[in-house]
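See structure below.
Should a chain be cited, it is by its letter among A, B, C and D, assigned in written order, with residues numbered from 1 in that chain.
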């Protein structure tokens, strides 16, 4: 239900042209307004509080579609922020996460490469275990200059922002932020896989569609395996629950597995496409650029493998299969 | 989105299957023989008739077979749990494994009532053990080129030829052999039939094949004018190829495609913990955990389709290819890690487990279809063929 | 031992080439423009006519061309050193690169004396820059299916069609285009010829193609009734396919197949050192070093064969496939490492270098032959085809 | 010259049958005598001292052949020991290396998984930077029980062995021992590649030799790449020199690169062979078992990547290409 609604909205309003325009600095106002009107911000709020009453798995399916449409706005983080911060109202507009805030020696707050930093109006960040609401307007912003990237580093004065009444440790918000990127990655990978399949069926070389060549078939088969693995890992995270959020270890697996797959999926899609795939005017790059950026965002597989490794060390008395089972239990 | 991927939906084990897990864990705690990691690494090559009989006594052999024949009629989720728990500890399940998973279901599906009554109850009691008889010295993955031949005579079928790569044939009672009953090898899949061959019949010779681990799990079976009764034919004459493909489908699903090397991971973790090395390999462990947790979700998704009465062949092939890659990379990863501390090499038991799996890992992608065949199945499932 | 592997013998750079390295390093220290890592990561896509002219003034453009035409006649070892040092720092060499390595040698090999005298001295002075004109919108790696056509008329050749994926065509003076002079695309390699097309002629339109990095290194060239003088034909009419294959052979050897991503490694190391992160990624660096040191030995082995006057096509394909894998895995490895410290992300310059190479890495295995083509060449070299 | 001589000797005497017999505990006396008579022990000694006057590159080619014939005796280590220990005579018989000796709390000396421990008569070991000559006869030996393995763990009483007049740090002998295994690996990989090529050309399936299938061709092509890389890395180490031995960093690259290739080469060879390849009676396993064992022996790629990583850290001011060049300079 939620997925159908967002799919149709994104199909109409979040077109590849719209995404390109916003990436290049165009105003997201029209797209933004369409999403705000639709009420998705309150997707996770209970129905009796005027929300969508959606479950975390519903949320995952919605975010996957945001990924598949390369939505240039932090809809997922905005929805999730409202689920995390229940005790007080959050401002309108787009909210993104910065769960690894660094407090500098001079007291200023630094958030490196904040996803959607260029299109968000507020940041929910964690400085240690203290949750803060930080207006982007108050920050010094440094765009990274990567073509089309919406991430930006932000720096605030020592007294910036307001404390939030959130009692979760930073790791929990880190896990949630990572799970969101896992869902975005899964959605983008499905889209990339579709594009590669479509191209393999259409494009002819040596007198037949390239999808008839065994080498291409094997590449697409392996790609399908990794897209499927990533999708199920991302989805499974939202079927776990710990204090109202997806469980930490499950988020870790979701982000680790999707990030590892992202590299293979992006490179295979480009290998299937050949040179056309790296052109700006062909849509593939809208999604593969994100696969690379989102792989790094909120911790690459290296970060999350280390986090899971710490769990393995701590639980080194358990059967490994039991440990694997407990992740998604 | 490609339809194939839409078909592989996350699912979860129902509560009843979760409760069943406690029963299985309890059984294993009581009945599992005390074996070293190097022996447990053999798991479903490990023949232990006594352990199989204990499982049978508990009602857990012939898990898919009807209760009328002594079977357990476990649902797909319980079967998943049973297999998962057995393989997680490397239980020696080889004795009954083929009968339980392939031969029994085949007889149940294609056999006559008399055949069912003759074999199924004995299978479920772990009184008789079965092996496969498909590969031939010159067939490889080209099963259709089979040359072993059964000729119908007045006295019954006369069987001549040889089969190879049969697991534990020297310890089994019966083999279900795919043989030619008409035509020539050049006719390929036409004219093939399946027979239940009593391995104690005159003219049957079994030669164990020693492998690179010093084990003799594989063997070669020679048939010299073996006289088979008419009721040795299983299913329809000339339908052997179709029946075998149904049989391979049974083999291609389930958690046995994820866990072949997991005993080694546990042994390695124990050793690292004892030797203060676990921190330096934590990232590697974390990656193995992320992959296993994910593969397990995929395997449960396939199981849910089986439970729903579907035949998720392509989905199973997809999970199997990933799972086999995982099973194969574990010994390689452990080898590299053990060699990271030349001043503190692994103890012999761990080394033997690592060596066994390193040496045998190449065969993981031969069991039930090579990589090329699996990728071809996936490509077909994607509509590329 | 397979003969192919016997042919790839370790060799070393002679002392003279080692001494030459000091000259090149000195030149680079003085003349290399101060560019960020993200710009240097572009290296042989980076067009800098002024830098190319400085190299030319030093005598290092047209390195294989005869001195009679202003060339340097550097031996293969010195060429290796020159290329290695330029690419190691990501020098912007694109302007003269194609003329130096492909077009110049082609003209020298197949051109008339008049053509040589006309083009080669200007190439060597970096006064004129060349680009390739092979791919077409529907040809992909199937070059033989070319449809661009030149028709002989009384006034000369009339050229119609389009070429794509030409690097820096908008900044170049000439393109050497492979076009059809007889037959149909269905005739494949028969009837193809090569022309030197002056890109300032009426009827030539160049459309830059923006890529996923926001660069416009690639371009498309449109030819509408372009009138070419008779002497625009290079080599023999109808021999274009054979000539191009010789040209591709030039492209398939040398250190440019190892170093595309090495600027990123240096930038990453500097950043890790500044941020106290280098210890935690030391093992990864050690592996990259082991691979690069080995690949470099392989590349020198190929160079030694070139120096000995051989044409080590298969050996070069083998080294290139490994080298390309290496170039492609570096950005992926660096990405994973940068994402390992989300609280301390990379600075923008390093991020841009990593992103550029991550995004463009897929094209590394398109340059001069896809993976499938290279493996096919190796298989042929092994006698399997 | 040396290579031709050893090749012909090994061809005649170190047959697959002979190797199998010795692996299973048979006496190596006949093979041993043939090698001792040939004078190879003194290969590296100067000609005027009655030696072979061979160079380190000559030595490498000889060891590669030992690897290609799965020689079950530590000929390489015996030859090298005589080059390392110049100041005093070494006993006759087979000498192997244990460059990572551990001195236990009770003073006893432990050498884990000594290569050729079952067929050597002496061990040249390093306890810290002290070089020791240790008779195997004086040790408690524990075989590892891996099928056919000749490695064994050895333990000596505190006062065992005699000090050697060798002033090299332990790392240098570790490097040399690793380089020897790199050469053995390279030789074994070439043999394994030959077997895979031979099988691909002979074995027919679906009506043609399997080597005509594109999938097999690609596997063999990639295998060839890695065999070639490993071979050149191993050989290049012996063209470096530092205090009379191959240089440490070069040995590190040689062992790291050959060990990494060993895994791929072994698994590809088995994939090409199918089930026949894992049988005891087919010769492939004689070599692939060694690829696995030698990959771990004297440090796997993980060990040597870390050693090279330490070099990268120490030289992090150098251009990476310069560092790569200096390894084999």
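Following the convention adopted for this analysis, contacts are C-beta pairs under 8 Å (C-beta built on N, C-alpha and C of every residue); 3 or more make two chains touch, one makes a residue touch a chain.
Only a predicted model underlies this, so the values are computations on that prediction, with no experimental measurement involved.
> So how far apart, in whole Å, are chain A and chain B when each is placed at the average of its C-alpha atoms?
From the centre of chain A to the centre of chain B is 39 Å.
> Can you compute the centre-to-centre distance for chain B and chain D, using the mean CA position of each chain? Integer Å is fine.
For chain B versus chain D, the centre distance works out to 37 Å.
> State, to the nearest whole Å, the distance from the C-alpha centre of chain B to the C-alpha centre of chain C.
51
> What positions in chain A touch 2 or more of the other chains?
As it turns out, chain A has residues touching two or more other chains at 215, 218, 301-302, 306.
> List, in ascending order, every residue of chain B touching at least 2 other chains.
Counting only residues that touch two or more other chains, chain B contributes 372.
> Once you draw an edge for every pair of touching chains, what topology comes out, line, ring, star, complete or other?
Other.
> Looking at the whole structure, which two-chain pairs count as touching?
Final set of chain pairs in contact is A-B, A-C, A-D, B-D, C-D.
> Would you tell me which residues of chain B are touching chain A in their complex?
Touching chain A: residues 1-2, 4-5, 8, 10, 12, 84, 88-89, 259, 262, 265-266, 269-270, 272-273, 278-279, 281-298, 301, 318, 321-322, 372, 374-376, 378-379, 382-385 of chain B.
> For chain A, which residues are in contact with chain B within the complex?
Contact set of chain A toward chain B: 190, 193-194, 197, 200-201, 211-212, 216-218, 220-222, 224-229, 231-233, 235-236, 239, 252-253, 256-257, 260, 301-302, 304-313, 316, 319-325, 327-328.
> In the complex, go through chain D and note every residue touching chain A.
Result: residues 214-215, 218 of chain D touch chain A.
> Inside the complex, what are the residues of chain A that reach chain C?
Listed in rising order, the residues of chain A that touch chain C are 99-102, 112-113, 142-149, 153, 174, 203, 205-206, 215, 259, 263, 266-267, 270-271, 274-275, 277-281, 285, 288-289, 292-293, 295-303, 306.
> What does chain C use to touch chain A in their complex?
Residue positions touching the partner: 38, 135, 140-142, 145, 164-165, 209-214, 218, 328, 332, 335-346, 348, 351-352, 355, 358-363, 365-366, 370-372.
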